[in-house]
Amino acid sequence: MNMTQLPIIKDIYGFLGPDLLVGVVGLLLVLIFVPLNSAFLVWVERKVAGHIQLRPGPMEVGPHGILQSLIDAVKLMCKEMITPDLADKPLFWMAPCIVVIPAIVCFVVIPFSPVMQIRELNVGILLIFAFSSISGLSIMMGGWASNNKYSLIGAVRAVAQSIAYEIPLLLSTMSVIIMSNSFKMSQIVSDQSTVWNFILQPVAAIIFIICSTAETNRAPFDLVEAESELVSGFHTEYTGMRDALFFMAEYTAMFIASSMAVVLFFGGWHGPFFSGIVWFVLKAYFLVFVTVWIRWTFPRLRFDQLMNFAWKVLIPISLLNLLVTAIVIKVL
Amino acid sequence: MTTTISDLIPPLMVAQAAFVLMIVFTLAGALLAVIPKKIVHNILGLALAMFGITGVYLYLGSQFVAMMQLLIYVGAICMTYIFAIMLSPPLEKELPKRNKLKVITATAVSFVVFIVMVKMIMSLKFEPIADIARDWSIETIGHQLLTRYFLVFELISLLLAIAIIGSIMVASFVRKRN
Amino acid sequence: MLTMKTIDDININERLYQLNLGPQHPSTHGVLHFLLTLDGEVVVKAEMLIGYTHRGHEKMAENRIYEQFYPNSARMDYLSGMIFNTGYCEAVEKLCGIEVPKRARYIRVITSELNRVASHLLGVMDFVMGIGAYTPFLYGWDDREIILDLLETITGSRLTYNYSRFGGVRVDIDQTFCDSARRFIDRMRERFKLYNDLITGNIIFIKRTVGVGVISKDVALDYGVTGPTLRGSGVNYDVRKSEPYSSYEDFNFEIPTKEEGDCMARYLVRLAEIEQSLRIIEQAMNNLPDGPIRADVPCFITPPAGDCYHSFESARGAVGYYIVSDGTRIPYRLKVRAPSFSNLFVMSKIIPGHFVADLVAIFGSIDVTVPEIDR
Amino acid sequence: MECLSTYLILGALLFCIGIFGILQHNSLIGMLISTELILNGAAINFMAFNMFLSKEPATGQIFALFIMGVAAAEAAVALSIIITVYRNFKTINADSVSELKG
Amino acid sequence: MNTSYGFKQYVKEIFTGSKSLIIGMGITLKHMFKPIVTVQYPRQKPIMTPHFRGHIEAIIFDDTKSHHCVACGLCARTCPSHVIKVQGEKTKAGDRKYGKQYFIDFTKCSLCGLCVDVCPEKTLKFSDEYELAFYSRWDGVMDIMQRLEERK
Amino acid sequence: MLTEGQKKLLEELKNNLAKSVPEAKISQSDYVLTGYHLEFSSSKVGMRRVAKEMRSRRFNLETVTAVDFIDSFEIVYLYFNYNQDNIRVMVRIRVPKDEPPFTVSAVYSEAIWLEREVYDFFGIQFKEHPDLRRILNPDDADYFPLLKNFGKTTITGEIDDMLC
């Protein structure tokens, strides 16, 4: 049979063929965007936290301290990377490298605008979910390999948390997918040209935001690195650039989660006056701002409460929501 | 005039190289999954093997199954296994010695099985079907799953339901001590 | 502190493991060391190892004259230094039989209560931060900052005040101080709404604190718990009421108590105590008598031989100074009853069965200062 | 290179590695991991046959999905058994759990 | 903690809980637009109160345009940390002693103010200097008579 | 100064304590000057009987401490009843240095740590104490700091060294 018909071969042909430029530029853009974006988000986080707490936040480097995170990155790069004696060295070394893979891969399918999407995939949403689960694995690797009890507890919490919160996350996504009848992200966005899914599926949207906050280990679900209990959770033993990689992955995951929410519920690139990409990025950053805002407002849940919340509140509600959606779609 | 790199590097070769890489991932992961004594390494080897198999599935023409493989095996099953890490002895403890006889037997048995299987595969002659247009979309799978393979679908659901109930029952069972 | 004996006497089961929470840990402010035996995340046994900041204040007191102990007294509990300082002066005054002018006693009450508000604010907000909310902590600091500024205007220092002297206080307060204090009281009363909305009403906070770390009445009395922790367990005991010192008998205030004995009760008791302290300050400033601020005492005092015990209420509980004098200018023995010492010990009784996260919450709600335990 | 027998041999290799793992591993979790490898070997076969020999493009995929479902169910049950065994015998070493022999 | 509650309470808890969370978020959002309260220290300098306790220094009296220290050593004896050392000299025989050198090891000073209290000539006071940082412990030993000369 | 309830309780206490520990000397003291109402001193070991008596009257152990009188120790227990009449009872006991008293930690749990502290500073080995270890001082310390013969620490003269 003719192998060249396979999608993957087509992909490789596509990548190496005439539109090489698009592929390479896209890849380069992602590689530049990921660290810059996380540096920016760190700055946003510190600024928002500062102003919420009636203080100015970073002010020294650059106007309003905007270059502060870059300077911090330089500082972290200069720092020694300490490996504990009793650590499992290969895993300890590999974990921060693996944690950035999903951060980069997931950008491939996010439709920033009708034309700005690196690859259009039939299974775009599945790809994001599949690769996000790898980051959980690398957190576990890092936490276990550190051979530190705080790290191990943090890692075990991370695993339990990601298992518990992936279910309502997928269920709430499914109700949108049922409505659009497609796993394609661009398809879902173009379906929302008139009404945003947020209006049609408010419950699913709220559950999605809650669960993605939990999946990205942000407060009030930041039990994985709960500093008042576990010092710093799974990355207690990490220093220098390795720690920075974990941070980068966390902030990129935040951005990806927000982008997913924008795609699924907030109409993607749709909006008046500006071009698509502006709207998309604005919406995504607004959602990031909301997560930051939530973080600096609420206390942290306890672990059993976190689990109870997922299993007793979110899963029943999201199942109910899915059921209602399915019935409504069938009836209409 | 657009520059194409396909003149320099033939895409088919890249595809083949990537395929080999995927197979190497799979086999290396599989070996990592059985040989090291630390269970965490085994589980991570399994994850690597599953990642390789995901790639292989892409070559076998199904993005959907590939993604499901990654989602279910790496995202769910490996994670569940990692839960069991809590049962494994701590790092600084000495690991139990392997039973040499057991290893030799296992190697011999699996080798024999492998030889037999390869002989069988080589001896069989498959007739590849004619090249037909294929519908790779998920819609077909979904459609077939709910019509022709309805029983399979129901069976999976039933199995999972029973598994969940059963595992809860089993896990809550504690032997009474005398 | 950690010796082989400590490790050995815990039966190390396959299932249990030990976790050293501290001495350097974000939530054990100060250097406190919890040696926890955990089953999963549930604490099976907790042992507190203390003494990392032991400075030997009691021995120091035996080697210096009474006046020279002023700075030490405030350094035991750095959060309520004014109260400890005043208490020490009152203990020595009791020993010598010095009569303190009324104005000085009122000033002592005002400053002590301001200090108590500051300490409670920090304690409450630190508790909230242990639960994970960082922002309320800084809002609390915003309020506390005003008190520190206020006290700085009269004492010249922000934590270790050294304000009381035998027979009175060092500096008189003036009208501007009273005005700013009144402004602070008004501001603080408005802030309670913010705290109630942001913290007390928050569902996560309620879930984290209600029913957690219950200290029953009997346990509290058995373990000698005092202060807001005891009052959170439903015992109506406050040294300010039972043995009024300074001039607390002149003021009209209540002792807030809660029956539940959990973290939430202790938190609410502290908030209510802030309110009562504001009342006391207001009354004291309204009725501030004129007169000297310091009795006529010699430059270096020489108490008669004998002993005395003076008890007073710090922000953490009943503090006691037990002074034995042999008639010289140097104390023969000076013992401090540190409330945090007993309050901390009760944790070993109530923690087992709780999660590590609860431990942080309970520790925060009991609100101990480690230098006071270690002395 | 990408012919049917390549995939079949890959499947066979996974299968044999799995068998090796089951036979030589001491701990129950190790055995479970090997079982997953065996199941995946079978799933690769399904997918390969589907690709090269089937007229219906969805059949093999559905069976691969079925195997995943079975694997998930098996993992859940087996892990709960392992946890129970650990609770009662304080070990996950398969050889030590011999009380069932009578 | 309380696990035995009914469905009604469950639903009610979800709603009241969400309400409390929204109220909390409203408060933090409001605070975000309030002016900052911190002092940007190196740019803005706080003004110290008259009673601020910095290191001790000698008062310049109007009558002698200098201090009144007689080097009696009472402050040195009272100091709980023993950080003061005074040396005086007599300008002529039979005259009173006059403080010449007054050393204080500020790194060990606990700012208790006993020296100020006991000074018979009332010639000591606290300075309002708060930016004191040293590169070595020995830089903390200062001669306040010398500083007095510099202030003149 | 004293209320009726306080007087009554003090009388009762005096009688009961005199009954349970007959050889003790019990006297009322001036609360304004000393801070305690009742002084109970004994040279014999009767601490646990006193503690039980106090416990049954809902008194609370406020603190335990010791004073080193060179030839002997005076161990001081302070009892206080919170919610009734605010009576503080000072219980002193003179023990020779080589004959430690029994612990009261079976009666008051608080005493476990308080007596540990006394042991830590004075080396008094309370009999039948469940957990007599160092508490504030280092575990491997071979000294008892609050004994009078433990070196007097003075830091005079340091400034002179600096000036040289």
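Letters are used for the chains, namely A, B, C, D, E and F, taken in the order the chains are written, and counting of residues starts over at 1 for each.
By our rule, a contact is a pair of C-beta atoms (placed from the backbone, for glycine too) under 8 Å apart; a residue touches a chain by one contact, two chains touch by 3 or more.
From a predicted model like this one, the values you see are computed outputs, not experimental measurements.
Between subunit B and subunit E, the least number of touch steps comes to 2. Using CA-based centroids throughout, the chain positioned farthest away from subunit A is F.
Looking at contact counts per chain pair, the maximum sits at B-D. A straight line joining the Cα centres of subunit A and subunit E is 48 Å long.
Centre to centre, using the average C-alpha position, subunit D and subunit E are separated by 71 Å. Chain centres here are Cα averages; for subunit A and subunit F they lie 62 Å apart.
Computed centre separation for the pair subunit E/subunit F is 38 angstrom, with centres defined by C-alpha atoms. Multi-chain contact residues of subunit A (touching two or more other chains): 1, 3, 52-55, 296-298. Counting partner chains per residue, subunit E shows two or more touched chains at residues 21, 24, 27-28, 31, 37.
Chain contacts: subunit D has residues 2, 52 touching two or more partner chains.
Across the complex, subunit A is touched by residues 17, 19, 25-27, 41, 128-135, 138-139, 142, 198-199, 202, 204-205, 207-208, 355-358, 360 of subunit C. The touching residues of subunit A, when paired with subunit B in their complex, are 1-9, 12-13, 16-18, 20, 86, 88, 91, 121-123, 126-127, 129-134, 136-137, 140-141, 144-145, 147, 156, 159-160, 162-163, 166, 183. The touching residues of subunit B, when paired with subunit D in their complex, are 16, 19, 23, 26-27, 30-31, 33-34, 39, 42-43, 45-46, 49-50, 53, 56-57, 59-62, 64-65, 68-69, 72-73, 76-77, 80-81, 83-84, 87-88, 96, 98-99, 102-103, 105-107, 109-111, 113-114, 117-118, 121-122, 126-129, 132, 134-136, 140-141, 143-145, 149, 152, 155-156, 159-160, 162-164, 166-168, 170-171, 173-175.
Per the touch definition, subunit F reaches subunit C in the complex via residues 32-36, 58, 60-63, 65, 67-68, 76, 78, 80, 82-83, 86, 88, 90, 108-110, 112-114, 117, 121, 133-140, 145-146, 150, 152-154.
Against subunit A, in their complex, subunit E makes its touches with residues 14, 21, 24-25, 27-29, 31-38, 40.
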